[in-house]
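First chain A sits with chain B, and in the next complex the same chain sits with chain C.
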Partner chain A sequence: MNPVEQARQDALSLFKELGLPNKCNEDWKYTDVSRLEGLLDIGGVGADVHSEGLGMVDLDAYRMVFANGVFDAAQSNLPDAVEIVSLAALEASVSGEESKALAKLFHVSGNEPLVNGLTALNAAIASDGAAVCLADNSVLDKPLYILHVSNQNNAIRHGLMLGENAQAQVIEHFISVGEENALSNCVTAVILKNGASLEHSRLQQEGKKQAHVARVEVKQFRDSSYTFHGIELGASLSRTDLVVSLSEPGASCELNGLFVLDGRQHVDHHTRIDHQAPHCVSRENYRTVLDGRSHGVFNGKVVVHKGAIKTDSSQSNGNLLLSNHAQIDTKPELEIYNDDVKCAHGATVGQLDDKQLFYLRSRGICEEAAQELLVFAFADEILAAMSNQVVRSYVEKAAFAKLPHASDLDGLMG
Partner chain B sequence: MASNEEIQEQLGKREYEAGFVTDIESDTLPPGLNEDVIRHISAIKQEPEWMLNWRLEAYRHWLTMKEPTWAAVDYTPTDYQAISYYSAPKSKDDGPESLDEVDPKLLETYEKLGIPLREQEFLAGVTNVAVDAVFDSVSVATTFKSKLTEAGVIFCPISEAIRDYPELVKQYLGSVVPQKDNFFAALNCAVFTDGSFVYIPKGVRCPMELSTYFRINALNTGQFERTLIIADEGAYVSYLEGCTAPMRDENQLHAAVVELVILDDAEIKYATVQNWYPGDENGVGGIYNFVTKRADCRGDRAKVSWTQVETGSAITWKYPSCILQGDESVGKFFSVAVTTNCQQADTGTKMIHLGKNTKSTIISKGISAGRAQQSYRGLVRMGKNAENARNYTQCDSLLLGDACGAHTFPYVEVKNATATLEHEATTSKIGDEQLFYCQQRGLSEEDAVNMIVNGFCKDVFDELPMEFAVEANRLIEISLEGSVG
Partner chain C sequence: MLVIKDLHVSVGGKEILKGLNLTINAGEVHAIMGPNGAGKSTLSNVIAGHDGYEVTSGSLTYKGEDLLAMKPEERAWAGVFLAFQYPVEIPGVNNTYLLKAGVNAKRKHQGLTELDAFDFMSVVKEKAKLVELDASFLSRSVNEGFSGGEKKRNEIFQMAVLEPDLALLDETDSGLDIDALRIVAGGINKLRSPDRAIVMITHYQRLLDYIEPDFVHVLAEGKIQKTGDKSLALKLEEHGYDWVKENL
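Let's turn to the complex of A and B:
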């Protein structure tokens, strides 16, 4: 058995040992995944699903399209000079030492933070993914746009490795066609070498019955910087575990998240930032807009390890409840084992400001439109951190379309 | 503070004694817990049948429960069969004969707190004097008692209340913290030996702060206290528990339960200064303090405030909570927790908003020094019907020394769109600039730190009655001595 197969086999045994997470586990207190029981098998991979004309079509980017978890070369457009390949192809071609290196991408340890049965299952069964390896001092001249289109259960695993001082922008976009009750299980592993910098966006826009579970794992070395934008608009059940370790001095990360939910949607983000080295900076900003009977969960944990002096960490979480049936559970956690730190977090739950509403209404804007405008402004603060304007305006439109009176506002928004 | 050997010695002594103490009339029951022990306790207290059954029910349920392990504290589990569940009053040859035999460190602390000699002896448990002290206080107590009776206030040991006011006790005991609430509460229900009972009748404003009396009342209180305070419609009482001087106490485990019942328009202010023996510099010895405190605002416009200053105990596990059932009821929680050396504290509060227009405020200040670990664990829950509920939470931690830890685990659960909640937390050390500023103006480093710490705790100390605030201030200075620089 080659090392990759071995790693996948080990992951499968780990999954069998861990099983699906349940509510007895503190990390899964608010999210019930028992309904995923029947959705774990990825079955007939690659059943045809059309991806033409879907996603952000006017984005000037390198494209990688995965249809039900299988790389679709015909729809993709990749640079020649840079090493971006399909993981399945890579797995088939490597041998010897390279195979050992690749096996690391499939290695799952039950002791790592937030690792659960679903993470292990992904390593065991993932059918494909993007394998990106940027050489030292190289800059990806256009963003890499990874589009996932699905209509059945799928499992995908991406590995992004940026060499010293390399720079890239990666956008992951998840959509589904049809109204299937299916599960997407996605893992993205990121390694940022000294001085590397990555802007990583994840836009989850799957169908109303879809379930989505994801893990993003980031390991940062000296002076590297990582920016994450997690946008949750779709799926009925979505859970993302985001684990960032700042392992060498000077590393910094910025995590932004936005949920716009309605109906019976349930979205849960668990983030964990490990400050393992001195002089690292972390910023986190999450906002949720909850309507209907939706349920938002945010758990942001910052761990400052012994010796991580001069840590600077701040976190803020704002929640807007638009309906009396919506629910938010938030827990900003700090765990600090060191005195020379500056850490802060804040969380708010509330409604729209009457004064602001009055201001808009006194200028002739109807109540619904005024409300919508304020909600939009609240949400857009997160999107303002996106550097790519095409992506930002796509997300803005998609988020905006979820608001109940969006049409009243079209005129105002221009 | 009592040295390790002293405690060891005392523990050894107790086990030895236990060998031949079997008579229920004597001071101490043999170690171990079973239904007979509970029957004995109940018999000693001359309790009615229903009380005994209530205890047994709790005990039977306790047997099926597991000790919780979710708190961020690390300790060797207690052997519940090695504890003696009834040992009051403390046997007379247990304590030192005179102050000369008391640990000089303990005396030094008393001196700094400015506690009169007489009281020092009392607190240190010097046996000859303790009797005197009781004598003294009995007379004092009587004067208090007549004043309270005049106002209609009932204030007595809970075992007395069970005999004299069974109807009141039956109605309220266990109605806030049920027998099966949690592991430690169930244990307490089964074996509690003493505590206080307070009933403030309708419309009565308790004529005095129930504090001085409690000091005396607390004498020889066992390790399982049970306090029940009921403020009937429109009543008001301010209650102070504990004392600022370190208590010399041999008990390893304290599992107390405090229940507050607040009816329409009533208000209870409950303040605690907890300074049990924290163990020595290496974390040997010290009290395990596992307390369940809960207030139930049953009536509309009921108000409750918990103020706590926690400096003692090796392990603290304590979450004074407020259930805001009545419309427009208000819950407040103010806390200063100081952990030094190897102390561990996992403390915080729960605010459960059920009624309309309910309000809660949480101010928690944690100071961690040496190798201590401290956690704030809180929950703010706004139920579906908690229209316009409002919460403000602020929890700040101050770190002194690079080996200590401070953690925050605030749970926020909101199910109502009109609820408003703000939560803020910061963790930092004392800024070099702040220290420099003070030192530049001629303060020594230690004074500067004290000043900054006092400023940090001010929001909470402002809530304490004046004399207590002064003592609490000094107490914190003493606790932090030597952990600076």
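Let's turn to the complex of A and C:
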């Protein structure tokens, strides 16, 4: 058996051993995934789903489209000179040493933080993904936009490897067509070599009945920088585990998250940042806007290891509850094993500020519009961290459309 | 323009205004002075429509209409404006966007066409000059990170853009250094007009050196205790509020 097949076999065994996570596990206390039991099989891969005209059509980017987890070359547009290929194609073409290297992308260890049965299952069954390998000192001249369109269960696995001082912007966008009760199981593994820099956005905008589980794992070397924007608008159940290891001095990460939820949507992000080396910086800023009976979960764990002196870490989490039935469970966790660190974290839960509302109304803005404006402003502070204005404005419009009285504020986004 | 009769207002069960009477006509400038905690901000908030104050009896009639039946935004459309004593910071809401939305909401209610972005910007830039507000403030979030003085200037700038009929200026002079005071007062003077009434709440005579009021009122113990011309302000400055109490 070749090394990739072997790794996938091992992952399948691990899945069988671990099973679906359940509430006995502290990391899954608030998120019940028992309904996913019947959705684990990705079945006949590649069923028809159309992607033409969907997603961020105005974005000037390299485009990679995955239809139900299979690369759709006809809808894609990739640069010639750099290494961006379909993982399935790569898997079919490699042998020998290359195969050993690729197998690492499928290797799952039950000892890694936040690894669970679904992670292992992904490695075992993922049908395709983006395999990006940027050479040292290369700069991807346009963003890479990865559009996922689905109408059935799918599993996708991306590997993003940036060589020394390489730079890229990657946007993952998830949408589904129709109203299927299906599961998207997604993993993105990122490796940033010395001085590399990646801005990585994930916009989850799947359909109302959809379930979405994801793991993003990032391994950072010296002086590399990673910026993440996790935007959760869709699906009925969505869980992301985001695991960043700052393994060498000077590495920095910035994790931004925004959930805008209504109805009975349930979104859970567990993030973990490991400061393993001195002089690393982590910034984390998550906000949620929860209406209806929606439920947000944010767990942000920062572990500062023994040798990681001069660590600079801050985390903030703000939550706006628009309804009495909405719920947030937020838990910032700090574990520090040395004295020479600067760490700050805090979480707030609240409603709209009466003073701000009155101020806006006194200037002639009607009550509903004033409420909208404050909600939008609260959410938009997260989006302001996005460097790509086309992506930001797409996300703003999509988030804004979810707010109850959106029509009163035409022209807000200029 | 505004007739207040026997106004009683409570906050959190405590009566603050206890039968206040006041009449303000178009073209007039009134100054309201009074000790801390007398209820000056309470009065201005009640006029602007803050719902945290309970009006237990009395009436507020504005341009012949019952002001208490109107929402804060309806009052703004009808020409009421409050320059806040403590303007609130609103991160993420653009200063110019706020004003454009405010102006256009008012125009819509007056049956006028809405201003487009270009026309609006030229109005805004001209008005910013009135209080020497740097154009960079226009694109910032409302009051966020503004100094105390900048917030006050921003309030008067908003007044200039919104062109109210009744402007209540709650301690707009507090926290301004002497140069800023001169600039802001100059701006307010330019906004005086026969169609507009201005009510200035202040602790200090010095504002009235720049903006000459037609009437000066002393608000204490929940009522207007004394009304006079600008010489009353000078007497207050000299003798303090105790003098008013002793001479009731």
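The criterion applied here is as follows: the second predicted complex is superposed on the first by the 410 of 414 C-alpha atoms of A that agree within 3 Å, B and C clash if a C-alpha of one lies under 4 Å from a C-alpha of the other, contacts with A are read in each partner's own complex, and residues count from 1 in each chain.
Criterion: a residue touches a chain if its C-beta (ideal position, glycine included) is under 8 Å from a C-beta of that chain, and two chains touch if they have at least 3 such contacts.
Everything quoted here is computed from the prediction, not taken from an experiment.
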Touched partner set for A:N77, first chain B, second chain C, both or neither: neither
First, second, both or neither for A:S95, with chain B first and chain C second: neither
Which of chain B and chain C A:N137 touches, first, second, both or neither: neither
Touching partner for A:L373 - first (chain B), second (chain C), both, neither: second
Touching partner for A:L321 - first (chain B), second (chain C), both, neither: first
First (chain B), second (chain C), both or neither touched by A:E381: second
Touching partner for A:E26 - first (chain B), second (chain C), both, neither: first
Touched partner set for A:S34, first chain B, second chain C, both or neither: neither
First (chain B), second (chain C), both or neither touched by A:P332: first
In the complex with chain A, residue positions of chain B that touch it: 70, 382, 384, 397, 399-429
Residues on chain C engaged by chain A in the complex (per definition of touch): 48-52, 71-73, 75-77, 81-82, 84, 87-88, 90-93, 97-103, 105-106, 117, 141-142, 158, 162
Chain A residues touching chain B - in the complex, by the definition given at the top: 26, 306, 309, 319, 321-324, 326-351
Residues of chain A touching chain C in the complex: 353-356, 358-367, 369-370, 373-374, 376-378, 380-381, 384, 409, 411-412, 414
